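Taking it in order: structure first as structure tokens, then the write-up.
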Amino acid sequence: MDMILDILTIPLVQAVIKILVFVLGFVMAVGTVLTLMERKWMSAVQDRIGPNRANIGKFTGHGALHIAADGVKSLLKEDTVPAGADRFLYLIAPLFSYFPAILVWAVIPFAGPIGSVTFQITDINTGLVFIFAVTSLGVYGAVLGGYASNNKYALLGAIRTSSQMLSYEVFLGLSLIGIFMVYGTVQVSKIVELQNTYWFDGLIPKWGIFTQPLAFFLFFTGMLAEAKRQPFDQPEGESEIIAGYYLEYSGARFSAYMLAEYVSIVAVSAITVTLFFGGYQIPWLFPDGFHLLGYSLALPPVVVALLQAGSFITKTLIFCWLIIIIRWTLPRFRFDQTMDLGWKKMLPLSMANLVVTALVLLLTA
Amino acid sequence: MKRSNLPLEFGAEPMDIEIGPSHPAMHGITRLSTRLDGEVVTAVEVEIGYLHRGFEKECENSTYVQVIPYTDRLNYVSPILNNIGYSLAVEKLFGLDVPKRAQYARVILGELSRISDHLTCNGAMGMEVGAMTVFLWYVKAREYLWELTEEVTGARLTHNWTRFGGNANDLPDTFFDMLEERLKKVEAVLEEGVKMLFKNKIFLDRVKDVGVLSRERAIEYGFTGPMLRATGEPYDLRRAEPYLVYNELDFEIPVGTVGDSYDRFLVRHEEMLQSISIIRQAVAKIPKGGHYQHDRRAWLPDKTEVYGSIEGLIDHFKVIMEGSTPPKGEVYQAIEGGNGELGFYLVSDGTGKPYKCRVRPPCFNFVSALPEMLIGHYVGDIVPIYGSINMIGGELER
Amino acid sequence: MGVKTKAPAIEQGAFFTTRLDAVLNWARKYSLFQYPFATACCGMEFMATAASHYDQARFGAEIPRFSPRQSDVLWVAGTINHKMAPIVKRVHEQMAHPKWVIAFGACASSGGFYQNYAVVQGLDRVIPVDVYIGGCPPRPEAVLDGLIALQDLIQTRGPTGHTGINPRQTKEVLLLSRQ
Amino acid sequence: MTAPAETPPITARVEEKFPGAVTASHQQFGDETITVAKDQYLAVMTLLRNDPTLKFNLMVDLSAVDFLGQSPRFQVVVHLKSLSLGHRLRVKVGVGEDGPEACTLPTISKLWVAADWYERECFDMYGIRFQGHPNLKRLLLYESFVGHPLRKDYDIHLQQPRVELRPVRERYDYQNRNLTDPSETERRPL
Amino acid sequence: MIAEQYLPVLILIGVALVVGGQFIVMGIALGPTDKSAVKKAPFEAGHLSQGTGFRRYSVRFYMVAMIFLIFDVEVIFFYPWAVKFRELGWMGFWELMTFMVILVLGLVYAWRKGALEWE
Amino acid sequence: MQTAKKPSVKTVQRQGGFLIDLYLPAIIGGLRITLRHFFRNVITQSDVVTISYPEQKRRISPRWRGRHRLTVREDGFIKCVACYMCETVCPAKCIHIEAGEMPDKSVEKYPVVFDIDELRCVFCGLCVEACPKDAIRMDTGIYSMASTERVTFDYTRNMLMDAHAKTDKTKFPSTPLPLTQEEALPQSTAKLAG
């Protein structure tokens, strides 16, 4: 028993366990389920029922088995490689889509620490910069895939992806600077902790959304674009360039792209929640329990951690849902309008946000 | 459109890319061989004919009444309008009078058809710029209308409903029972469409000032219908050359100001509302009476006559075996179809088969003007422009 | 390139009996990504089938993929004329295995009443067809029946569909009269 | 067809400007129609478009009729409409079949852009060549198609496939109008 | 310290590779293959593709890449400043404003020059 | 030709302005609609219009033109007299009739072969209109035909008569018709039927 506990105290072992639980147990699972949920949710928006027929005996699970069907089928589908394609790049391109979606989870805390045990895979002290760096890796998946396909539509998709990502990366970084300034740190765990401080005698939490409302909109928009979700899904451009960069991909590799897309939705939601919606924080819940206006309710640390994890997961799922509903509400931008929005509207706005934040902070300091 | 002052080319190759026929935005049947400089369309060649079904040849080898099912499949989104147009042309050739009730019925179903045409067009335009939900709602609304027409004609979209001298059958009571409720539902869907798209900057950005064609150019190209009205020319055959009972009905002709995709969208939307009002007026005014006036040259007598009298049976046999035999001559009859002036030019040689049956397809002109509308725009603009012209393959290529 | 593409290894056995195959076919039949090759009037009914009232998404046949690589079933909805025939043939050949074809409506199935110089008298003269749906155009109910027929076909015959099977030699006629 | 006693104003105007150009005219079913001589066709069309009392700014339709066995064999029919003045006119012009220059007609696509595609379609369907047309090639059919299907001597069932057609067993061969598979019919009497 | 912090990241990279790689490996292992010429031809709406998909692309796209490089590098300079912002106070603010003004000028220049246009 | 009425023209209103340029109001407005649908459909399913087809069936019009049937007389003999009217009028030429005569000349003619290729059929209903004997009808209510084989769409005379036997006469009541010729025929032919 002691030995097990000893092993558990090794940070690396802890990290592996966390990876297994958080990434494989939560992120991949949610990403997979989202593929179905998107179909169900969009059906609800469109007054339909959505997939519900796949069954084993009488069990259908309201369509849950369609995930299994899709997965098995895609593996058995022919794996096409177009003539003239760059075979190696074409082969490995889908891998790159997973980097941002999965690496991001390294620094995202699921709950507050209990003693020395943290619920964060690793607390890199340059956490935000790490997020920033990793999200920009996602472009490779699309660009390499589109470029290697030897297909003109795919090429268009690839170029669009790269331009769009480049354009949105800039103000994404700028909009985060406001957060740095407000919380004075780039370490993600600290930012989340600091979001549990309050204005007006512990009444209103200093969540990112309240301290940096404009930055939230900028960041969320940028993140939607990074995840290539509507209204920024020009790289896929269903009705113009058919399927964009993954046009030539079939079977398993196509599902790899699709799954990566959903996993990155989860990642985007998690980042947004972490930075702007208090991460795992529940308002007025402190490590020792609730405190509000003098009233308090003491809770054991494990319960607090569980509540926090629950809050984080709930918030993340709400954002996943929101992103999907947005997709089925809005039309998509034209490609040049996406670029215009990025360079000509979002970038100046994020600069202005920076200046205003600096001014406000200095004047109130 | 604003042009940058950078030199256009730094050794970049233009990209020739085939868009269509099997492409989501081309509705399956048009091929645009485009040349792109980056994202900008610099040259377009339109190729059509992927749905050419030999309509005219088939007509020349069919009797007059057998042509009616073929006309259903011209503009298959508003088939009854085609039925009406063709029947009016043949009736003009015969010199037949259609009972008032049949005329009103034609107006009602014709306008229902027009609404379903515009619903499909506007919905598809939404879908093509990414608003899938609106499209599905519009198709849902169209479904309500199709149930209505099914109630009358016995088919959802290939109705084969008009005959020479009236209609195949009368509007049943169940139709009138369902009508108002269905129209209300359609109005509710349109209202939702307004809220989803009309003030949405993303949508406006996509459709505003794209595919502009001036009034003069539009007339040069022979535009009619919503496409022409969007440029500001209030040419509507229901008013310009009234047919059926449109003179007894009040409606406004919506016109646009700029002539871009957005105006076309708005004009179609407004036309749907006008059509709903026309239907309400027509339902209020529809007289009692017969739905079909038999003429022994034109089409079958009533079944009671066939079963009951030898003359009726002979008429019946004659008209089936020889076909309807109009006098010699030629006739052109145009009506306001879903897309514009839908004209039928018939040449009769006195036999049971039309010597020549030509249909003047309104969207033929629109597609021929595509290069002018597309060049200089972005790849992304192809979609809303193409969507706004409401290309209907059956009508375009016959 | 002849009519017959080389049958992939997995497709050699035409009839599957094992449990594993049953599972795999189950997955195939409930995950039918479709390539809507909608050319004419039938395309309107295809829309209607996909829309809220009939919602063919219920069968897992939801996602229209306009890329032949990603689609499993080619819905040819509408007339195919001789100008279009090479294109539909190419698209079909470019589709990744396993693939199925549904001829949607009278024109696609047989040419319908267009018996003239322009129209191919049935899609099966160009590419093998797995399911025919009659009607001009068929009601969405018929379309769904066609889809169910295809699902039954996939479940019983595996990934081959009709390719290479002489329709006259088999007695397994999956006629659906569900009314 | 004989000209009616009272010459309608459009026909009169054309005859006034180009005496002898109108070879026939009628007003059947209220559609005013003139038949013009082939050599005067372009001039008449220009007049119809530009004359302030005519102003036919909308070219509605252009097609042809094949009167097989008559001379001239084809009749190109143009429908015109004036949006400002509200009147319509049908212009017909005969096009012969024989001779090197016979099956041709000057293009009016310079006058109305709309005529461009209509003339291409007419060429495609009837084989009438429009001189001066910028891009006279097949529109609806494919380049490898031989013949012009709307000519009366083109058999409606003559197909020209572009891909190898697979053999299909059909109960009826609709091309040849016969039963190919009689064994399966039930011929027993009731 | 560094190793401890970043080792999990390495493991995560491994996880990402495995998660993505499983599809690729299984797809190749399980999927049927067909090597016919038509099948392998790139899809272009049912036509034979003319020319290759690898081509030099319009210069606009490279312009964006360059502008991005410039701006992104500049943005990086904000990071240390932002973190130390409270300690630097007004002095730091004005220093940064100078920097920002230059950056904005750069953006305005690029904008005016049409480098952000998509024609 | 009727005289033209003066058209009243309405210029459509183009949207624009500052509020729209902000993007957000419209996005929130749109989200409100979609969310309303979403919650209604998730919670009460009140907006869901989907018909779960094979289980649920929607009412179709009694006039719906479905698969054909060949009607029989009261004595069970086929009403069709092989007059070729339907074959003549059929635009799809999908009807194939071969006439035959009864040995005892009790009826003039009857169809030895009456085939309809339902795959070719375009369901225009002209055959029903053209039939002088009310022998062919399309009111079987069979609106759905799908099969994996082309041959299954070839309906022979007996299959079409089966369809008559199975037609739900209550659901698709035949329109009242006057006394027809064959109803007045002598009952002797009844013996020959079957």
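Each chain gets a letter, A, B, C, D, E and F, in the order it is written, and its residues are counted from 1.
Definition applied: a contact is a pair of C-beta atoms (placed from the backbone, for glycine too) under 8 Å apart; a residue touches a chain by one contact, two chains touch by 3 or more.
Keep in mind the model is a prediction, meaning the values are calculated, not measured.
Asker: Could you run down the chains that neighbour chain E and chain F together?
Answerer: A, B, C
Asker: Farthest from chain D in C-alpha centre terms, which chain would that be?
Answerer: A
Asker: If you tally the C-beta contacts for B-D and for A-F, which one comes out higher?
Answerer: B-D
Asker: Take the average of all CA coordinates in chain B, do the same for chain F, and state the distance between these two points in whole angstrom.
Answerer: Comparing mean C-alpha positions, chain F is 23 Å from chain B.
Asker: Can you work out the whole-Å distance between the CA centroids of chain A and chain D?
Answerer: That gives a centre separation of 62 Å.
Asker: Can you check how far apart chain B and chain C are, centre to centre, with Cα atoms defining each centre and the answer in Å?
Answerer: Each chain reduced to its C-alpha mean, chain B and chain C end up 30 Å apart.
Asker: Distance between chain D and chain F based on Cα centroids, please, to the nearest Å.
Answerer: 37
Asker: Which chain A residues reach two or more other chains?
Answerer: Touching at least two other chains: 43, 45-49, 74, 76-80, 152-153, 155, 238, 242, 247-248, 251, 328-330, 335-336.
Asker: Quick one: which residues in chain C touch 2 or more of the other chains?
Answerer: Expected reply: 8, 10, 51-53, 55, 58, 66-67, 69, 83, 86-88, 91, 96-98, 110-111, 113, 115-118, 122, 124, 136, 139, 159, 168.
Asker: Mind pulling the chain E residues that touch 2 or more other chains?
Answerer: Residues 31-34, 37, 39, 41, 43-47, 49, 55, 57, 61, 117-118.
Asker: What does chain B use to touch chain F in their complex?
Answerer: Residues of chain B touching chain F: 62-63, 65-66, 68-70, 72, 133, 140, 143, 147, 150-155, 158, 160, 168-169, 172, 192, 195-196, 198-202, 204, 208, 234, 236, 239-243, 246-247, 250-258, 262-263, 266-267, 269-270, 300, 303-304, 306-308, 313, 316-317, 320-321.
Asker: Under the stated contact criterion, what part of chain B meets chain E in this complex?
Answerer: 1-6, 9-13, 15-23, 26, 31, 37-40, 378
Asker: For a test of understanding, state which residues of chain F touch chain A in their complex under the given definition.
Answerer: Touch residues, chain F against chain A: 24, 27, 30-31, 33-35, 37-38, 41-42, 47-50, 52.
Asker: Quick one: in the complex, what on chain E touches chain A?
Answerer: 4-9, 11-13, 15-17, 19-21, 23-24, 26-28, 30-34, 37, 39-45, 49, 52-55, 57, 61, 64-65, 67-68, 71-72, 75-76, 78-79, 82-83, 85-86, 89-90, 93, 96-97, 100, 103-104, 107, 111, 116-118
Asker: Write out the stretch or stretches of chain A touching chain E in their complex.
Answerer: Going by the criterion above, the answer is residues 11-12, 15-16, 18-19, 23-24, 28, 74-84, 86, 91-92, 94-99, 101-103, 105-106, 121-125, 129-130, 147, 149-155, 159, 162-163, 166-167, 169-170, 173-174, 177, 180-181, 184-186, 242, 247-248, 251-253, 255-256, 259-260, 335-336, 339-340, 343-344, 347-348, 351, 354-355, 358-359, 361-362, 365.
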